[in-house]
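Across the two complexes that follow, chain A remains constant while its partner is chain B and subsequently chain C.
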Partner chain A sequence: MHEPVISISNLTRRFGAKTALNEVTLNVPAGSVFGLVGENGAGKSTLIKHILGLWRAESGKVRVFNLDPVADPVSVLGRIGYLSEQPDLPDWMRVHEFLRYTQAFYPKWDANYVEELRQQFALDPNARIRVLSKGQRAKLGLLAAQAHRPDLLLLDEPSSGLDPIVRNDILTAVIRTVTDEGRTVFFSSHLLEEIERVSDHIAMLHRGKLVLCGALDDVKAHHRRITLRFDKPRSEAPRVSGTVMVTGAGRNWTVICNSSVPTRQAIAVDRDAEIVDEGAASLNEIFIAYAGEPLPATSMA
Partner chain B sequence: MTIRVNPASGVPLYLQLIEQLKLAIETGAIRAGEQLPSIREMAEELLINPNTVVRAYRDLETEGIIALRHGAGAFVCASVVPRAKLMNKAQAVVQSAMDQLASLDLTEDEIRRLVENELGGRRSRKPVRKKYA
Partner chain C sequence: MRSLTYAMVWDVWNRSRYATFLLLGITVLGLIVHFVAPESMRPDGVNARTGQFVLHWVYWHLMMISFFLVFAIFGYTEFNPAKSSTGFPHRLFTLPVTSLRLVAVPILLGIVAIEFIFWTWTGVIIRWKPTPVTGAVLFGTFMVVYQAVLWTLGRLGALRLIVLALIGVAFFSADIFLTFPNSRLTESSVIFGSITVAILTFFLSWVCISRQRAAGIGWPAFATNDRLIAAAALLAPYLTYHLWTHGFSRPILLGFAQLVVLALCGVALLRTVHDLVSDRSSGRRKGFRSSLHAQFWFEWRRSGLALPLLVAGLVCTVFAPLSWIEQAEPGATFRILLWTIATPLILSLPVGKAFSKPDFWSGELSLPSVVAVKPLSNTQIVSSKMKVAAVSAALTWLIVIMFVAVWFALWANAQTATLVRLALRPQYATAILAAISVVILTWRFLVGSLWLGLSGHRISFSVSVLLYPLLLVVGTITVDWIFRRDQSRWAAFQQGFDAALPTLVWIAMIAATAKVWFAVKTSRHIDRYFLPWFCGAGCFAMTALALSSLVNVVPSQPWRLRIVLVCLGLFAMPIARISLATSSLSRNRHRV
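And then the complex of A and B:
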């Protein structure tokens, strides 16, 4: 197999007393769409800044294209297209000036592709960036991030606060990037529906710790939602192996668990309970289950 | 042919795509010999990961419903007998049942669970469990 495009091992980062990243280890396979989820402040942007080489690893190791992004920023950044939540664009420039200016940094800039995207996004080349709407700014940022056909497209909360049409443009760009010569996309989002649509790998950060990481299909196949009805009311939550979260009271309890499909009989016989409902947990349920309380890391890789 | 997938449901996207394509073929919306959209077209149309489309197409190929011709695309196999009349009749039954359920103010997820549960119950009463065996 190909070696991973991004390889992070035991990355830890502290800001004063706060641990922003705690022993994070993950690999992003070439040609994948890797979705990073986590609530605000979970450490997503901090992780991305390490991938970009903006911050040096305090402890642990970060490699992008098998290079150290801090030691070799030119080689690494030249192959990355980056779009942040609020693209930092020079307000006083016109659209065409900004594109010409950005082009100077990238030897592999594809002017025909830029023109194609500019027309598709309906961006006026003579408009001042100052007068662009939030959606138009995002499109311009996306255009500049893609123009050199980067090997790695890195998107930090790209669709936060945007209307559905611009969000679709961003998702189309993600899909086009991977169908095109198997390039790689890494993007963070708190919109689980987006992650679930386009990702094939996901990682979940919770308070700086990686609580979940693996192929999306595996993650979904391993997590089940089971609703139990007990013969007698219980004062404490039932114990089911691999439990991530339990909710309920009295006779009815719902368990989100991470294990190979537990047989109906095993649970029912052991617990004097009947399974009233069982099914695959949605990513949203899995996310809430892990974000509910701190839990040890689980790897599915 | 209108294909829609819903990422928020617990059902994996590739299975949703398989079910939708099967339905389109069974109802005659896509006929034998016709070409399916390319992997890229389908992925961009539905805004889903291209690998999801690949997986769905491969599974349909294994089931003998479509044929993947290298470089040319995916075609619906001639051997697939459309059960159009039957399926259209069944679709009407499902539609009226759904209307009744919806009037009871049930959510989509609740309806799906009821249907799954009913199918599961029937399966477990039969000696051979086809789907999960």
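And then the complex of A and C:
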């Protein structure tokens, strides 16, 4: 069993009256692609800032490579590649200057890999960063983040607001990193399709609380969507063991449940229900079930 | 809205209508006072002297407030969150109007407003004699320069105020120099120069706003029209010759046409130079030896050249021309020398405040994430800032020394130059010590606020910024009160200082001991800094001792004074605050 790359226990962070993170505990296994899901304001970026050591743990403990990122930033940050939603790049530099500047901090910088990615991303080395488009900035940020082949690639909503082509480029790069070298990727997103496509582990944050954490396959296997029809209209929701969310009215109801027991057993209480449809719940449905509110249209894609 | 121009005028009016009402109110008040005041109190009345004496204070203050209000109204800028800077209202870039109109409307409105207020006060209310035509032209030009600086130097942030203050002083000085009996400046040359500056600045604003509108790419149409530029380039040598030999052409419209053609040629030249520089300078091509070198380069590019460039700019635009114009005056030469030497020290105070922030050009006090996530310790980040400050201070003084050396060798007043040489000859060691001390002092002013700036604590940083003008005002008033108005006060001050000296010695020694103790306690952060600190403090102490023997201020207890000076030397070199800077940065970088 590998030691977790990131180990967080009972992490709590409050901003005034608002609790941004509430007793969060999670472990990120080495070599995994770990997706962090949550609605806007769920605490994803706050959690990532704790991992980077940009926030001190108010209570609880954060360890990255078994080190405290606040006490030993040099050792921790030297092994991390980080890309944020809006990469904070120095606008006054040129692309090649920025890469040279970043290279100086990482002894394991792979110049050939950088050149290969730069050409793949079609980035002009002489262009000033301030004239790059949003997509080009994201690509440059990603390039700089993984050019030193970090042990941990930390991506905070890397493809939010980007067009599908750029998003695909970024995802391809992420997948390649992992499949090629078995390194760890921790990335946050509210684009569930993206998470589902590349992650093998996921964690779900809802209003600062970790509501779900585990291997993606396990999560999907343990959540089912059951559509029920009753003989007579009913005013109250059907009772199914392991129910996470129930929607519907009258005779037709849909239940998302987290249960490993067989369906018939699970709805044993409501013997008059007919199972119209039953299947594995999608990540989107699981997310809505836990977050308790529908996702915006753009995130459903 | 009837037209886009009208809409833009309305926009200017709407965003500062209260200030405009206040301005009009003050001006109307001035007019009412002027017309209602009894005949005897009017400046142009029978008892003109009495009238001036009574009304002078009221008029002067109301007029100054009016001028400030006009400039406040036409500080036509807005914050651009995308660039984290304040500049030309970005939202107007999407309007279907040309860049020329975008620039021309606020500038022309500003000129009309300042001229209206200026003539109302000086022509109608105060009735200055002779008519201050030069002042009116200078005010109009300053309005153009003022708006151009605010729009085009957004990245300078609050430093724009220093730039504007320096330009304002230059304009004011030009008007003052006209009153000197032997001045080489004439009214027509100042008016001509001022209008030239205004037109060139207008064109420059136009170019810059056009480029801002196109995200830094491209030039306005007139600057890329090859035929226009070729014609301007052909005419330019003749026009320059004509202006040099015959002055500003009459009728006045012909003169303006001359200036416009020259401005076109200037913009074309600017474009050519820009294209050449952009093509040639492709940035740093070499790799870095280490992460510390990379961070040093980063800090240097962000902030290292600010002080040297400001000082070099002042030397080129103010001190060098002044020293040339006033080379016949020994007293003026000496004063210019003193100001040249004082400038780096004075400028290092405000520049040091900007320098102490995590990013020199940003109003944001949190550490930029591009630096925060780099595998650098807090000590290394602070250390790279301190090294940049040291090189910056050294380069600044190199510029000053080179200028003074060339000036004194070639065109300085011979009498003053001889006096300075005679004064320095027996004191070379002291002069060298003093020179090293001023470099260290400049460095100290640059890094002295790091512990506040890097803390990310906005209130304490803002208070520390406000403290400088406050101390300046209080200090000026105190010095004026003690030394200038009454000679007996100076004697009393000397006696009091003499009596307090034994106590001062104890206070200084205790404080110095406390400082060293604190340094030892916090040596974890600053162990590498001990040697520079020791050398710097030693240099200060030796300079203080050397100077104390030259200036015999307290004859009765010179040895006590020396102890105080040595302790002050220890104090002048920061140590505790350097240690605090690392802790402050740690709190800022790893927020609680």
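The working rule: the second predicted complex is superposed on the first by the 285 of 301 C-alpha atoms of A that agree within 3 Å, B and C clash if a C-alpha of one lies under 4 Å from a C-alpha of the other, contacts with A are read in each partner's own complex, and residues count from 1 in each chain.
We adopt the following convention: a contact is a pair of C-beta atoms (placed from the backbone, for glycine too) under 8 Å apart; a residue touches a chain by one contact, two chains touch by 3 or more.
Just so we're clear, the structure is a prediction, and the values are computed from it rather than from any experiment.
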item	value
Touched partner set for A:Asp200, first chain B, second chain C, both or neither	first
Touched partner set for A:Lys108, first chain B, second chain C, both or neither	neither
First (chain B), second (chain C), both or neither touched by A:Lys134	neither
Dominant toucher of chain A (residue count), chain B or chain C	C
Contacts of A:Arg14 with chain B and chain C, given as first, second, both or neither	neither
Contacts of A:Arg239 with chain B and chain C, given as first, second, both or neither	neither
Touched partner set for A:Gly78, first chain B, second chain C, both or neither	second
Footprint overlap on chain A, where chain B in one structure and chain C in the other make contact	none
Touch list for chain A against partner chain C, complex	52-56, 58, 70, 73-78, 80, 82, 84, 88-94, 96-97, 100-101, 103-106, 126, 128, 130-131
Chain B partner contacts - residues on chain A that touch it in the complex	33, 168, 171-172, 175-176, 178-179, 192-193, 196-200, 217, 220-221, 225, 277, 279-285
Residue ranges of chain C touching chain A (in the complex, touch as defined)	83, 215-217, 282-291, 293-295, 297-298, 301-302, 368-370, 372-378, 589-592
Of chain B, residues touching chain A in the complex	7-14, 39-40, 43-44, 47-52, 113, 116-117
